[in-house]
Amino acid sequence: MKHQIPMLILSAVGTLLVVSVFVPSAQHWGEDATLYFDIIAVFAFFLGGGNLIRVHTEKVSHKSAGWIYSVVTLLGFGIMLVTGLFKIGNPNGIAGDLSKSGSYFQLLFQYVMSPLNSTMYALLAFYVASASYRAFRAKNTEATILLVAAFVILLGRTALGVLLTNWIPAQLSVLQIPNLAIWIMNAPNLAGQRAIMIGISLGVISMSLRLLLGIERTYLGGDS
Amino acid sequence: MKKYQYWLILVALIIILVIVPKPLEISPTASVIVTILLGLALIWVLVLTIRGHLIGRRVVFLFIGASLALPFFMNFEMPFKISPEVKTLYDALAKLPPGSKVLAAFDYDPPSAPELQPQADAFMAYAFKHDLKVIIMGLWPQGPQQADMAVAKALRQPEIRAKNLRYGVDYVNLGFQSGNEFVIQRMGTSFSGMFPRDIYNTDYNKIPILNGVENFSNIDFVFNLSSGYPGTVEWVQIAVDRYGVKLGAGNTAVQAPSVYPYLSSRRLTGLAGGMSGAWQFELATQEPGKASTYVLPQTFSHTVVIAFIIIGNAALIVGYRRSKRGEA
Amino acid sequence: MDGAVIGIWLAALLTLGIMSFVYRDNLYYKICEAIFIGISAGYWFITFFWDSLYRIAWIGIVHEGRYVLLGGVILGAMMLMRLFGKIGWIARWPLAFIVGATAGLKMMVYFTTNAMAQIHDTVYDTVTAFSGGDLYNLIGRLVILLGTVTGLIYFYFSKEHKGIFGGVAKVGTWFLMITFGASFGYTVMSRMSLLLGRIEFLLTDWLKLVK
Amino acid sequence: MIALLRVAKFVVSLCSLLFIVSFLPGQSVYSQDTASSVNNLPPITVKAYDTENDAGSSITVEWSDPGYWRREGFNGYRLSRKNVASGIEDSLDVLPTGHVLHEDRSVSDDSSYTYTLAVLINGANLTSTSTEVVRSSKQWFDNRLTWVLILGLIICGAVIYFIESAKRGTKLFLRRIAGLEAIDEAVGRATEMGRPILFIAGIQDMDDVQTIAGLTILGSIARTVAEYDTKINMPVCTSLVMTAARETIKHAYVTAGRPDAYNDDMVRYVTNEQFGFVAAVDGIMVRERPAACFLLGAFFAESLIMAETGNSIGAIQVAGTAMPAQLPFFVAACDYTLIGEELFAASAYLSGEPRQLGSLKGADVGKAIAMIVILVGVIATTIASAWNSESMLWIENLLRQMFSTG
């Protein structure tokens, strides 16, 4: 019982959605399934949020290493919940739009979450540089090809590429770095992308079939 | 370093910040000197690396920080060339007669703003100056807010302010709608079904600009600013492939390679990719903005990255290798 | 001091805190990280709550009478059974629903938009190039053709990469490497721009060193 | 299993039936009107027909304007509809120039209608005669997807065929994938060093197949982890993934015979926010110093932040994703990378189960078809355009029809 029913649900839902694509009056089922997904995800969040609160409260109550950070996390979570649920400071009150400027929720987003977000993303600049220094080396044929392609595009997408190869005459303009970069993007890069994309779609098909046929079922758990 | 040394550095920094004149700008000569110093430092790193001392990642980080921050104070002229993708995008916009309805989909959030906001600013200013009617929407929750910023910025321009544009008549912001690509699909049938109200809670049917806008067939051009999923790929796959709209896009540099296939099959009408795409778009639309300021520090940082790739390979060619993995 | 100034200082301090991580893990970063986790988890919960639970489920069912959405609510409620040890296994039903729906939907989406469209474009583009007569274009299309086919051979699982087949697969990996290199080269730019945005914020909005 | 096959058979026969039905002729009306000829222009022609491949309640009205739209004072077209039974007339939208088609979605399948089109020129409206009676209906099969269905059935059929033949014991050869062989080694190393392993299933929710692929690999890894008694640490960024991952790991521990060693805290929810999650994972990496990091699933910009931080602590890293834009970073910063399709194939490889391996062989058939179609298509169309060969032209047209998905 505990296994057959989920398996049945899975196969039935999957097969129906595949069929629905071909039937005009059922083509909206896919959208409905997505709405279902959104709703289930909110309910699931009670589990996730609960887990967050439990893990951090335990840390605080056991005074385990770094418990003070857990206090900060819990405070942040709580403040966001209160300001968001009751829409505190929202000019239109509880009926107002969540992202209405002026509400505390929006202020916290703008001055706390947004800079944190952007900065964490921005750290990538540092990591890209150190990866370039350490990892992009002509160790073998493959690495060399990767390096050369990266290099041409890098130059081609900056003013530097224009500067370096402006002297090449118009008849040979194909060899100017910006044009070379465009060619790489449009030809070999596109070929690789296509091979990857076609491969992925076949991979998805074979995996989906394994799921629908019940061959792959680890994620549905054991007999406990 | 000992603890007190950090404090010393911190105090020194604060003193410098207090005493420097604001705003700080250095002369072209000084700019050249700073650039040369940076170059010399890179040569020093090259020498070190060739001699077998791989420098630590923190030194790399320091170089990146310096190459991005210092050019803000400098003055140089930059050469440029408008790429065919950006040209196509601009031409498509330029061909639109006044009064054309343009759907602007803002599918990004603040982290991608440095690259996409300049394009948004340039687009809005261009659209308003050329009397295009702009319908704003977002598949990303924070997209419409980014659009609002661009609108506000454009409306501050005297030429645009003189036009006395009105919300609801000349532009409208429909806000965010969740559901990713399904939103686009449903918009194929009915815009009002997906966006019953705009961000000010006004009914779709009561907004003059939306009068007669039922679905994509009433839209002359779609401009999409995208930094991931859902974004340009979904717009092409649904709005272009199924509903035949004309779509131009501005993408982050990372996103751009994956939409190139659509550009070559002409399902995408023009693309501004990354900061240099944004810069070229600003130049094409004659709306110089942030991308024009950013392009110098960016060139510096690129040069540094390119230099580090060369240095790394120089070390390899000379034949020194370090057996140990880790810090470097 | 008005609210906006406090906001900018707050944003600047948090920015510096996250940036300090590239030097090493430290107390300042840990505090910022803790704030980030708490605030962002709360942000998304609230967003989901109003967008999905209130707007889709509540408004949809109660005000618009879309009773089909009740199914989602029931499945969602089953998810919560996880909290009650004995009947926790019921939570597998919504999970099975989601996995089934994802498998069914994505299979079709990937098949039509990735596989079929890409095959169509490859054939069609090459043909256009042949009839177009432009040598530059033609070479480009032939390269695409070669790259797509050899790339697919690389992904072929049921044959050892040996002999001629291995050689062709090797060419395929070269194409993949060019693709990766191109993506990398294109990306470096955007990553720099991100940091640029933050540095500009610090220099302009916070320190007011630059106009 | 048999039941499932029966379901599949039923579905196939149903689809073929629908397919046949869809070819039955629909109603189509064409009427030529005799609008006022004041302007010496031929009258505007209007036709109305049931919209194809839809769920009903829609009629398409199409017209061709011989040039009225160029007239000065042209204000657009006004479409009017008359319900034949009740006689009620409705005026529909006014459509601006450029429109030659309107889809009327406000009709009922139970009524018949006629349409007239008026050209509005400075108040002097030129009205066409009405179209013939038309009625909307729903179709049971979307004709445009015929080839999608046929090709889909061939590929799915190949996958199912190889699964079945593997089940009957046919030996299948599959080449090795380096990244997968490294997994055991990585877990082994973590055990030796007494350090945990870190597993990240991407940052997407369960509605992304890549996340599911990541979890299926987690199943295999968790079994090794359970056998070696290593610690596994899995921060996740959505609650559904948390639930599914717990089920997966628990199942692995049970299969390995160590249910008592399982603990829900192995998987914990951090935050849905992409970079908030990254901040936390980075923290975990530098503080807990895992010996091995597995990054398998859908990744976006955070890929390199995680991979570089993992690299800086000297962990063995195995990554895999189907996001083309992120692959280069994994290739650069990780020890092994599963590229695109390899991510989906990995769990089948790791399970070693014949049926799972069979499905991979089936996907290979798909790749073979793709390659053949591309090559045949290019050759055929080239010959067709060079020598005007009829048969090659036929192949070209066929292929174009097959693969246009619009």
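Should a chain be cited, it is by its letter among A, B, C and D, assigned in written order, with residues numbered from 1 in that chain.
We take it that a contact is a pair of C-beta atoms (placed from the backbone, for glycine too) under 8 Å apart; a residue touches a chain by one contact, two chains touch by 3 or more.
The structure displayed is predicted, hence computed values, not measured ones.
*Asks:* Among the chains, which has its CA centre at the largest distance from subunit D's?
*Replies:* B
*Asks:* If you tally the C-beta contacts, which comes out ahead, A-C or B-C?
*Replies:* So, comparing the two chain pairs, more contacts are at A-C.
*Asks:* Which whole number of Å gives the spacing of the CA centres of subunit A and subunit C?
*Replies:* 3
*Asks:* Centroid from C-alpha atoms only, then distance subunit C to subunit D, rounded to Å. What do you get?
*Replies:* Going by mean C-alpha positions, subunit C sits 15 Å from subunit D.
*Asks:* What residues in subunit D touch two or more of the other chains?
*Replies:* 148, 155, 206-207, 209, 212, 240, 243-244, 247, 269-271, 273, 275-276, 279, 301, 324-325, 327-329, 331-332, 339-342, 345, 360, 363, 366-367, 370, 405
*Asks:* What positions in subunit C touch 2 or more of the other chains?
*Replies:* If we look for residues of subunit C contacting two or more partner chains, we find 18, 21-22, 30, 32-33, 36-37, 39-41, 43-45, 47, 51-52, 56, 79, 82, 92, 95, 98-99, 101, 103, 106, 108, 110-111, 113, 115, 117-119, 121-122, 124, 145, 148-149, 152, 155, 176, 179-184, 186-189, 191-192, 194-197.
*Asks:* Multi-chain contacts only, two chains or more: what residues does subunit B have there?
*Replies:* Residue numbers touching two or more other chains: 57, 61, 64-65, 68, 111-113, 141, 178, 241, 253-254, 257-258, 261, 264, 273-274, 276, 298, 301-302, 305.
*Asks:* Which of line, ring, star, complete or other matches the graph of chains that touch?
*Replies:* Contact pattern: complete, every chain touching every other.
*Asks:* Would you tell me which residues of subunit D are touching subunit C in their complex?
*Replies:* 148, 151-152, 155, 172-175, 206-209, 212, 240, 243-244, 247, 269-273, 275-276, 279-280, 282-283, 286-287, 324-325, 327-329, 331-332, 339-342, 345, 360-361, 363-364, 366-368, 370-371, 373-375, 377-378, 381-382, 385-386, 396, 399-400, 403-405
*Asks:* Which subunit B residues qualify as touching subunit D in the complex?
*Replies:* By the definition above, subunit B touches subunit D via 57, 111, 189-190, 212, 214, 217, 228-229, 241-242, 254-255, 257-258, 325-327.
*Asks:* Given the complex with subunit D, which residues does subunit A contribute to the contact?
*Replies:* 11, 15, 19, 21-27, 34, 37, 40-41, 44-49, 51-52, 55, 113, 116-117, 120-121, 123-124, 127-128, 130-131, 135-136, 146, 150, 193, 196-200, 202-211, 213-216, 218-224
*Asks:* Touching residues of subunit D toward subunit B in the complex: what are they?
*Replies:* Within the complex, subunit D touches subunit B at residues 93-96, 99, 101, 105, 275, 300-301, 312, 314, 324-325, 405-406.
*Asks:* For subunit C, which residues count as touching subunit B in their complex?
*Replies:* Residue positions touching the partner: 22-23, 47, 51-52, 56, 113, 117-118, 121, 124-125, 179, 182-183, 186-197, 199-200, 203, 207-211.
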